[in-house]
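Input: structures, listed below.
In what comes next, chain A is part of two complexes: it sits with chain B in the first one and with chain C in the second one.
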Partner chain A sequence: MQGIAKQDLNKVLETLSGGGAALLVPMEIDGVTRFARWEQGAKTALGAGNTLLPPKEALFPQNEKVFNYEMSNEEAKIVPSAAAAEETIILGIRPCDVRAIQALDNVFLTKDYVDELYKTRRRHTLLIALGCTQPAPTCFCSSVGGDPLQAEGADIMLWDLGETYGLEALSDKGKDLLKKIDKFMSKSRGKKPAAGKFSLEVDSRGIAEKLHNMFEDPIWDRWYQKCLGCGICTFICPTCHCFDMQEKHTGQWDGYRYRCWDSCMFQEYSLMAGGHNPRPTKKERLRNRFLHKLCFFQERYGMLLCTGCGRCVRECPVGMDITKFIKEVSEVSLNE
Partner chain B sequence: MNSECCNPLVPLPGKIIKIVDESPDVKTFHIAAAEGKPFTPLPGQLGMLSIPGVGEGMFSITSQGPDHLEMAIKKVGVLTDSLHDAQVGQPIAIRGPYGNGFPVEKFKGKDILFIGGGIGLAPVRSLIVHCLQNRGDFGKISILYGARSPEELVFKEDLFKNWPQAKDTTVYVTVDKGDEQWQGHVGFVPAYVEEINPSPSMVLLCGPPVMIKFTLETLSKLGFSNEQIVTTLEMRMKCGIGKCGRCNIGSKFICLDGPVFTLNELEGLPPEY
Partner chain C sequence: MSDPSGEMRELAKKLLENGEVDRIIGWEKGNLWYQSPPLFITRAEETDRLVFDDFAINSLVTYLLDERDSGKKTGIFVKGCDSRGLVRILQDKQIARESVYVIGLPCSGKKDPRQALSSGASESSQVPPAAKCEECLYPNPVIYDVIIGEAVEAKAKGDRFAAVKEIEAKTADEKYAYWTSQYSKCLRCLACRNVCPACNCRECAFDISKPRILAKENNLSHNMVYHLTRAFHAAGRCVECGECERVCPMGIPIMQLNKKIIKEINDLFGPYEAGVKLDETPPPLGTYQTSDPEEFM
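Coming up: the complex of A and B.
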């Protein structure tokens, strides 16, 4: 296997970010691990497990302008915004978050309409994934079809081999990029590491099919009760992609329309003009979120909308644990 | 429909070119873009209409002309309040068409009963107009419409003048509560359906949820099968293109896979609307 010495990491990062590409790597900023633009001298958090905030923001920003408008008595002038077409490298993204990007690709790039802003960013983004040798206590990617060491859909795979990072190109884009850092590469003695033991495991096989028949099941009456409706699960989720469209006035007659992340856990999400809300309480909202993750998305796109990153399990203030939910569902007997 | 070239969330600029008062809280807006008709929807399809600076909302397209679209809109919120305050010439922005539209092929050659309640006649009207414009393609047409009171009836010129004069077309109008001038039928839509005891091959039903619920029970009692009944659903929408998430019912998105469903299709979905 090819490898780069850890002591050369800064030089490799410098080379990768040369030529103007935005190089996003895990860093700790004000106590929060997240992907941020690497600059000379910045300290990476590659060894700190997965980041608290997923890298989805690089492809799907929390706020994104769609167009500017200028109103007059005669006309509405609309000036579309172009997505930034900056070359971007996301280095250190974990396999669960690469799968999350595949889910986002399904949403934004398929089913009749292509989301232009997402497509532009995606086309200019290269993924260098870092395999996970030691799953965190809240990690469960292997329980929902993922592989902690291999990220299908990444351009380059990295593995921490101790003194070196082993690497392998998975795409042509990845091969081309490796040529840029050729001089730092040497034959590494290490081989692809083995996965560490998961402390969180659950059998999710057949979950979508089973949940399809559990819309009216009493399980929801138990599960929604402790939910605070705070929305943190959707905020930190690498696959949550719901958005709102809002307007910002910059003057009396002009402004812009933008989209921003939204959360299905909020009441306004499905509240209609006139006051009707088809999901009026936390019960319906929690049910919709779990069914979307574990049933509806599977039915629509052929994959679960949960990649086992464990962020919601770790951060939920009342300890809502989707793996426990999956386990409970598997124990329900449907008498039909 | 596949918009590879440009951002599908960006609307076309246009104007309100005519406003028709339908009832105290419903107006029909005629919309044109700078280059004429913004797009050519199928009956039952939707459009995202906005006043930049106020907001954007999804509305059914009631009808269309060679150079314009028509949307009958009830005053229920921030955007619709602004639309109701607007004058002819008001600049707007519009995008679409969205949704599947009515299964026109399924209706061809058939006797059809249209049932509308309140503003629910707005989406129904697009198919009625289509059928009357292509009269030879369809069998007998019956139209049953109900509103809460005589002043709340929409499309009065169609109901009392244009449609009754059309070939092989019968119009039934009812109100929940009449007034001194009202000479017509008084009573709820489901009861009126039962009274008429119709026998069409296809039924198109749109209206408030409670009316739909009880009318479906009546239709079932009269022996109609789920495959004969078509209706429309409504959910909050933001993107209109199946990305923003909120208009799902089960794994279907109302903006893409709807708003039109046969009762058979509806029965395969969770009852969350």
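Coming up: the complex of A and C.
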């Protein structure tokens, strides 16, 4: 296997970010681990496991301008926004988050609707994934169809081999990029490592089919009550992609429309113009979130909308544990 | 501290069997050893799930607001800090005293699941006490119908306002730089509001869309409006349970500002402790006197 010495990492990062590409790597900023633009001297948090914030904001920012509007002399002018077509490299993204980007690709690029803002960013983004040798206590990617060591859909795959990072190009874009850092590469003695043991495991096979018939099941009554109704799980989720459209008036006759992350856990999310709310309580909202993750998305796109990154398990202040939910669903007998 | 879970289960079972309460809110063991999340039970045979271990850190009292119109009676377990939140909700007349059966649990401090994970510990004894518990002044419930366990001594030592003084010593520019870096991180997940016993309004201004009071665009300006408005709204009503800061995924030091306001209120109107006495007069900023020296009053 080809490899780069860890002591050369800074030089490699410097080379990759040369030529104007935005190089996003895991870093700790004001106490929060997230993907941020690497600059000479910046300290990476590559070995710190999964970042608190997933890299989705690089492709789907929390706020994004859609168009500017302007009115004058009884005429309205609309100027659509274009996403910046900046070459971006996301380095150190974990396999679960790569799968999450595949889910976002499904949403924004398939089924008759192509989101131009997302498409532009995505086309200019290259993914260098880092395999996970030791899953965190809250990780469960292998339980929802993922592989901690292999990121299908990434352009380059990295593995921590101790003194070196082993690497392998998975796409033509990846091969081209490796040529740029050719001089740092040598034959590494290591081979692709084995994955450590998961402490969180659950059998999710058949979950979508089962949930399809559980809309009115009493399980929701047992699960919703402890939910705080906050948006932590949706905002730190690498796959959650719901947004709202809002306007900002910057003057009397001009302004812009933007989209911003929204959360299905908020009561306002499903509030309709006339005041009716089809998901009036936390029960309906929690049900919607779990069904979207584990049933509707599978039915529409053939994959779960959960990649087992474990962020919600880790960060939910009331210990809402989706693996426990999956297990409980599997124990429900629908013939009672 | 001896494990009170046996007594808790027995009492909860009796309350449900007698029909004295419709439901019980306590804690249960989660999937992971460092989680003891909230538990809701309505059947006597489920009471064996109740626990009160090092990780029973969640305050349960804001859940009472979800059922404030249901007419149901709830049996609820409260630690010292939680009980002050309950007093707060009762004083704001959000629920009737008769609608709760309060089971007090003296508490010598809890541990934070996120800290358990980040410290790499493999058992509870390796996890440091939760930050919010280090400054606890009221480890014993201030309101209860029955209490399980012996009273414990408050362990807060040192200066309650040390973190406030640290900020006060900064220049205006330094303060601005500090708070803006904190508020820039905010995701506006609203967890701090949803967990807060002082935030018990039926409709929060931040949820109103017509007219929209707080824009949904996430930026420093809007995030500051959110945090500063909430801090002022909770002024004189914050019971220092520290839940806001515990639940924040971004590590924003929310209690630092709340404590600054508590300090100011103490200096101006004090001494005053929110949520300690149920039958006291309203909090300083919730009342007025015609003899107030401020003319605008």
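Just so it is clear, the second predicted complex is superposed on the first by the 333 of 336 C-alpha atoms of A that agree within 3 Å, B and C clash if a C-alpha of one lies under 4 Å from a C-alpha of the other, contacts with A are read in each partner's own complex, and residues count from 1 in each chain.
Here, a residue touches a chain if its C-beta (ideal position, glycine included) is under 8 Å from a C-beta of that chain, and two chains touch if they have at least 3 such contacts.
Bear in mind the structure is a predicted one, so any value in this text is a computation, not a measurement.
By the touch criterion defined above, A:271 reaches both chain B and chain C. Shared-chain residue A:200: touches chain C; no touch with chain B. Looking at the shared chain after the overlay, A:242 reaches chain B, while chain C stays out of its contact range.
In the overlay built on the shared chain, the residue A:122 is in contact with neither chain B nor chain C. Shared-chain residue A:289: touches no atom of chain B or chain C.
By the touch criterion stated above, A:226 is placed in contact with chain C alone, chain B being left untouched. In the superposed model, A:74 lies in contact with chain B only, and not with chain C. By the touch criterion defined above, A:262 lies against chain B and chain C together after alignment on the C-alpha atoms of chain A.
Touched by chain B in one complex and by chain C in the other are residues 244, 262, 271 of chain A. Taken in their complex, chain A has these residues touching chain C: 30-32, 52, 62-63, 136-138, 199-200, 222, 225-226, 228-232, 234-236, 244, 246, 248, 258, 260-263, 266-268, 271, 282, 313-315, 317-321, 323-324. Chain contact summary for the complex, chain A toward chain B: residues 66-67, 69, 71-78, 80-81, 107-108, 111-117, 215, 241-245, 247, 249, 253, 255, 257, 259, 262, 264, 269-274, 276, 278-279, 284, 288, 291-292, 295-297, 299-300.
Residues of chain C that touch chain A in their complex: 30-32, 35-40, 58, 63, 66, 113-114, 117, 181-182, 184-185, 187-191, 193-195, 207, 209, 212, 215-219, 246-247, 249-251. Residue ranges on chain B touching chain A, taken from their complex, read 1-4, 6-15, 34, 51-57, 74, 76-80, 89, 91-93, 209, 234-236, 238-239, 241-246, 248-251, 256, 270, 272-273.
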